[in-house]
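Some structures to go through are shown next.
The two complexes that follow have subunit A in common; it is paired with subunit B in the first and with subunit C in the second.
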Partner chain A sequence: MSEHHHHDNPHVQHHFVDMDQQMEAGKLGMWLFLATEVLLFGGLFAAYAIGRALHPEAFEYGASKLDRVMGGINTLVLIFSSFTMAWAVRAAQKTQNQLCAILLAITFVCGCGFMGIKYFEYSAKFEHGYLWAAGTGKTASVFEPKTPYSSQTLMARQAARDANGVTSDHHGPSDDHGSEEGASHDESTDEHATDDSSHATTEDHGAEEASHDELPEEEVVQTAAGHSAVSDIPEDERSTLAPAAQGPTGAVAELTVPGTVDTSKYKLYVRDEKVDSGDHGHDAPPFAHLFFGIYFVMTGLHGIHVFLGMGVIGWLFFRALRNEFSSKYYAPVDIGGLYWHLVDLIWIFLFPLLYLI
Partner chain B sequence: MESTAASPLATANEDDAHEDGHVHVVPMWILVSVWVTLMILTVVTVAASWIDLGVFNIWLAMLIATVKAGVVGLFFMHLIWDRPFHSFILIASLFFVFILIGIAMMDSFQYEPNVELYRESTEIVAP
Partner chain C sequence: MATTTAVGLDTSTRNYITESKGIKSWLLTVDHKRIAIMYLISVLSAFLIGGIAAVLIRTELAEPGMQLMTSDQYNQVFTLHGAVMVFMFIIPGIPAVFGNFALPIMIGAKDVAFPKINLLSWYFWLAGTLFAIASLLINSADTGWTFYTPYSTETETAVSTILFGAFLLGFSSIFTGLNFIVTIHKLRAPGMTWYQLPLFCWSLYATSVIQILATPVLGITLLLVMVERFMGVGIFNPALGGDPVLFQHFFWFYSHPAVYIMILPGMGVASEVISIFSRKHIFGYKFIAWSSVAIAILGFFVWGHHMFVSGQSKMAGLVFSAITFSVAIPSAIKVFNWISTMYKGNIHLEAPMLYGLAFIFLFTIGGLTGLFLSTLATDVHLHDTYFIVAHFHYVMVGSMMMAFFAAMHHWWPKMFGVMYNKKLAMWAWGLVFFGFNLTFFPQFIMGAKGMPRRYADYIDEFANYHRLSTAGSYILTVGIAMMAVYFYRSLKNGKRTSHNPWGGGSLEWRTSSPPPHFNFDEEPTPLDPYNFDDLVYSEEDEGYVGHRLAHESELH
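What follows is the complex of A and B.
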């Protein structure tokens, strides 16, 4: 049989007959792992497919907000890194440890480049508030559906509280946000319907003021004047109010025009096309947040895989520096390479799906 | 470099998949060709995205991505020289992903009219 392998090569573990068996077992294990990776991402691709099928306009809109040049460069970077990785396997097979180490280093640097570009892309998305529906708590999503309990509403309330000191202190004339509005809201919630004209003015004003460079947070603060009214309603009474009245976003005040809106209706989705006609993604279709949720989860999970792959490549790099690989023992480079190629392969699908179509 | 399986005795005892020796060094020209192919296809797929082909944009992009993935799998991941069982594992996983996507999409379309009805009755767009 092949006993000579067994004694020749110190890398063969005692539970394998020979290097061939060890190599094949390792590769089989890696392929099984890669299959689970395909299934893991498959679930996310399924989410993408369903989301896109049901809300194509939201996905086209989302793709138009991504930088396809950055994405394209990242694709080329990752493809080049796959090339150097495949070359590194070849070098290891030919017992060229120094070349192998250089190629692994280049692959690692490509991984850094990919993550760097990804960082700049993410930063731009955060800056514009192009986020999943809930935002981050620090940065509101411009695509968030305006519900009474949305984080935008909550953040606006918090901003109003911060500006006014304590919650119960809205009645004073020192109110920064204009005591007139606050006072008019004090009487009862039914007033929402009658004093909407003052709100409409405020909101139109707010929409006009919105400019390209403003961050979403500022916009939220702008609407805070309207929100102070809610905090004025005693805590125990709030639960009895119509949901929209509990937490009026900027849009809700306009909505409560008598005769046009049935306020008894449960307002799950509130969209104000007048206010939304401005910048900051307010031209977005209703499910744009779905696209960005999927975008961040898919690219984020992929990014984690790139990080892990870079860790593996770094480990292989040091082993190559120690001249550990040879034509008889190159399995770690080969198998680590398989993982890196799968990461590339997933990006090959992610890139057109998220950026291009 | 392809010497480990050189002994006829060893070869005779090898698994079928090892006929040409288990150290398969991919020729450099194949690696470079694959890399160039992938770069060209990337440029093509980005360029095609600027052209409005309607519904065919998505199919063209997916076709190009599949070709790219196939090339990476076959040559960079050595599947073309590897045991067929490794290809089988990959194809099996893809098969199950397609089952997942296919059935899930059918199901969501099944319920979508109800969802839309609910949404329309609850969404309020300001006048």
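What follows is the complex of A and C.
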């Protein structure tokens, strides 16, 4: 090691003895950084596993709504880009800067292709309203739960029930669309919610699902306040009652429960018929929105990583054009390549988990 | 160069402080020593903010009823206290300040492996802190530093801002850890073996492993809470089919190992000062070294003990309880080894040693009370009481803060080349030690009697304990204020010190104080860092000299 003291090599930084030491340090640093990335995504994979364990039918349904062809093409695009990236490293090691630049360019274009296909996939999901619960500012989720959005409201209902000792019969979901539902599932045993997933009917499913005690929201209001606070409000005024801070589509009504429990600050979501008048999501099992929430978070975070990787590749591309790499100095390509492979690898796990199973 | 009459910071000789001038030369520096100084100023500022919040809390609690603030404001103040102290002071405290300063010198390197990333880490710290302060100005968060869902996704205070701040602080922490691991692996002086590393380096290595493996999980958790707030995705919201306990699992998967991020560097500091000020070779070097690694590994498998009453299964509770007990083994190994090091040593009760002793004493109390809490049945009684508050303050403040002060008194002469007023330092130590115990010991008692934590008000029965606790916090504050005064004055008119005022054997004591820009004028030769036999005190130099420095070449 001591025979080559590359202090003449301008790429060796002051605090390293030689290029070997610098390269080894850089590589170890990158591997450690990749470990942090794996754990970052690890949290999301754990959330996915928990979500799937709690609501298997929602995840199966969600997967069936994703475009496997587009996802599959994207998988191939990324695998191919990993190949060109690895080849680019080889080219840099052999001091073939021109070839290296071409391969990096191809890798970059693959990244663009991936993001382009992702854009079309996202657009389709937005168009259909296959979104997380609250939807976006512009687009409503077809899975918008008709139930109270916040757990505070759940507490209010529980309180109202306790205060009145009400045990209400469950009213069946109204099937506005008269459509026949998808497969009926066994009753979910999820402790947070619901004993009602067998009614995989129309938009009402969300209401029962989230209510601990089968009380449809309007009934709670009636029993708690002695009259229906919600139905007293003209339909067209409901949406002006409160800022829809917790979701753009449902109108929010204030509840007042007399007696010992002050629930004046609790909010209740009222079903907005317009949202559900579309023809999507009828066959959706409860909590399908949770699948799409996790889908967008996972693929979104992965997409950000693809963008960052493309930035790195672009930077390497210009350095290769300037003939900076050689058999004595190729660490940046090597290390940038490691990052790109990790981004690829994460997708290799995302694709089957989200699209195929 | 330093004459006996010269006092204050030396501006005439060439060292890392005088190497270049101007604010830009500091803000754009990649020198680990300068970054350490910037971190020192930063984390002490955070300590001040968190400390003010602490005094406000104690003042409010001095008497039953509400005097200073409303209960909502109380929630905001204790959230601020917790978040600032944990994320901005305790976690970066010892590694980013003293680790950054001492670690590369201790292993004979010119710098850390990635100096620019080191600087970037400081900027991430700064950005994260600014976000947290922005939250304070907008509408201070009131969730507690744990940000438990579903409250954190629903409260209208500026939680997202402080969450993003903590997210950035996480990056800062990851970059520091990453740098240290690579530095220790790749930049040790030629010929230096792992067992020639000072134990401070071993403890920083173990800390860094946790920082790298645990912090990203906190990052994704905080991101998910933000996504929850902005978009309503529902992963942690039971009304939407999510699981709020999942948040607790994620949060503690980071935050329990983070407890060891806080304490392991302190253990490293204790290993240094106990040995140096006992003038005796450290006892059980390998056991102390590997127990750090053992703590880091075991620390990853105990997070569930924060959730004994959160509805996890009994089986999970049992397993987490058992593993939690096992953490006591490596911790006890360290304590016994420190005590054995002192046995028949020539103990010098200088300020760093006093803080080191306080560390051992308070850590032992904090650790042993932890066993009460890892016992399932006892925990059900003590959960969410002041017993918990007292327990973790004995570990985080009693231990980590004492270790931070030990490190500060230990390396201050090396960092600035000046000595503080040793007599005042003894008095301040007395106040800090007494004040700390007076603040937190009564909390064990009232906790066991049922005083719940996080409450802004309480029944009269607990009033006397709270009065004692508040009085203690004022004494603690006076002690720390005194420290600030004599440290500041030492920069103005402190006596110049020799290169080795304490007689340390590790490499940082073999370069000048303050060290030159590249740490060493000549490449150092690694030796056993705990061999003090060759070092003798020289009245003339007011420091230790030995033929190790004069004739290094003869020794290997």
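The rule is short, and it goes like this: the second predicted complex is superposed on the first by the 220 of 357 C-alpha atoms of A that agree within 3 Å, B and C clash if a C-alpha of one lies under 4 Å from a C-alpha of the other, contacts with A are read in each partner's own complex, and residues count from 1 in each chain.
The rule we apply is simple: a residue touches a chain if its C-beta (ideal position, glycine included) is under 8 Å from a C-beta of that chain, and two chains touch if they have at least 3 such contacts.
Since the model is a prediction, treat every value here as computed from it, not as a measurement.
In the superposed model, A:79 makes contact with subunit B only, not with subunit C. When the two structures are aligned on the shared chain, A:109 is found in touch with neither subunit B nor subunit C. Contacts of A:28 after superposition: both subunit B and subunit C are touched. Contact with neither subunit B nor subunit C is seen for A:117 once the two complexes are overlaid on the shared chain. In the superposition on chain A, contact of A:327 is made with subunit B only, not with subunit C. Touch criterion met: A:87 reaches subunit B, while subunit C stays clear of it. Counted by residues of subunit A touched, the larger count belongs to B, out of subunit B and subunit C. Touch criterion met: A:349 reaches subunit B, while subunit C stays clear of it.
By the document's definition of touching, of the two partners only subunit C reaches A:14; subunit B does not. Of the two partner chains, subunit B and subunit C are each touched by A:42.
Subunit A uses residues 24, 28, 32, 35-36, 39, 42-43, 46, 50, 54, 286 to touch subunit B in one structure and subunit C in the other.
The touching residues of subunit C, counted against subunit A in their complex, run 109-115, 117, 150, 154, 174, 178-179, 181-182, 185-187, 190, 212-217, 219-221, 223-224, 227, 231-235, 237-244, 246, 249-250, 518.
On the side of subunit A, the complex with subunit B involves touching residues 1-2, 5, 19-20, 23-24, 27-28, 31-32, 34-36, 38-39, 42-43, 45-46, 49-50, 53-54, 68, 72, 75-76, 79-80, 82-83, 85-87, 89-90, 93-95, 251, 254-255, 257, 260-261, 265-275, 286, 327-328, 330, 334, 337-338, 341-342, 344-345, 348-349, 351-353, 355-357.
Residues 13-17, 21, 24-25, 28-29, 32-33, 35-37, 39-44, 46-47, 50-51, 54-55, 58, 132-134, 136, 145, 147-154, 190, 192-193, 209-210, 246-247, 286-287, 289-290, 293-294, 296-297, 301 of subunit A are the ones that touch subunit C when the two sit in their complex. Touching subunit A in their complex are the following residues of subunit B: 1-4, 10, 13-15, 18, 22-26, 28, 31-32, 34-35, 38-39, 42-43, 45-46, 48-49, 57-58, 61-62, 64-65, 68-69, 72-73, 75-78, 82-83, 85-86, 89-90, 92-94, 96-97, 100-101, 104-105, 108-109, 112, 119, 122-127.
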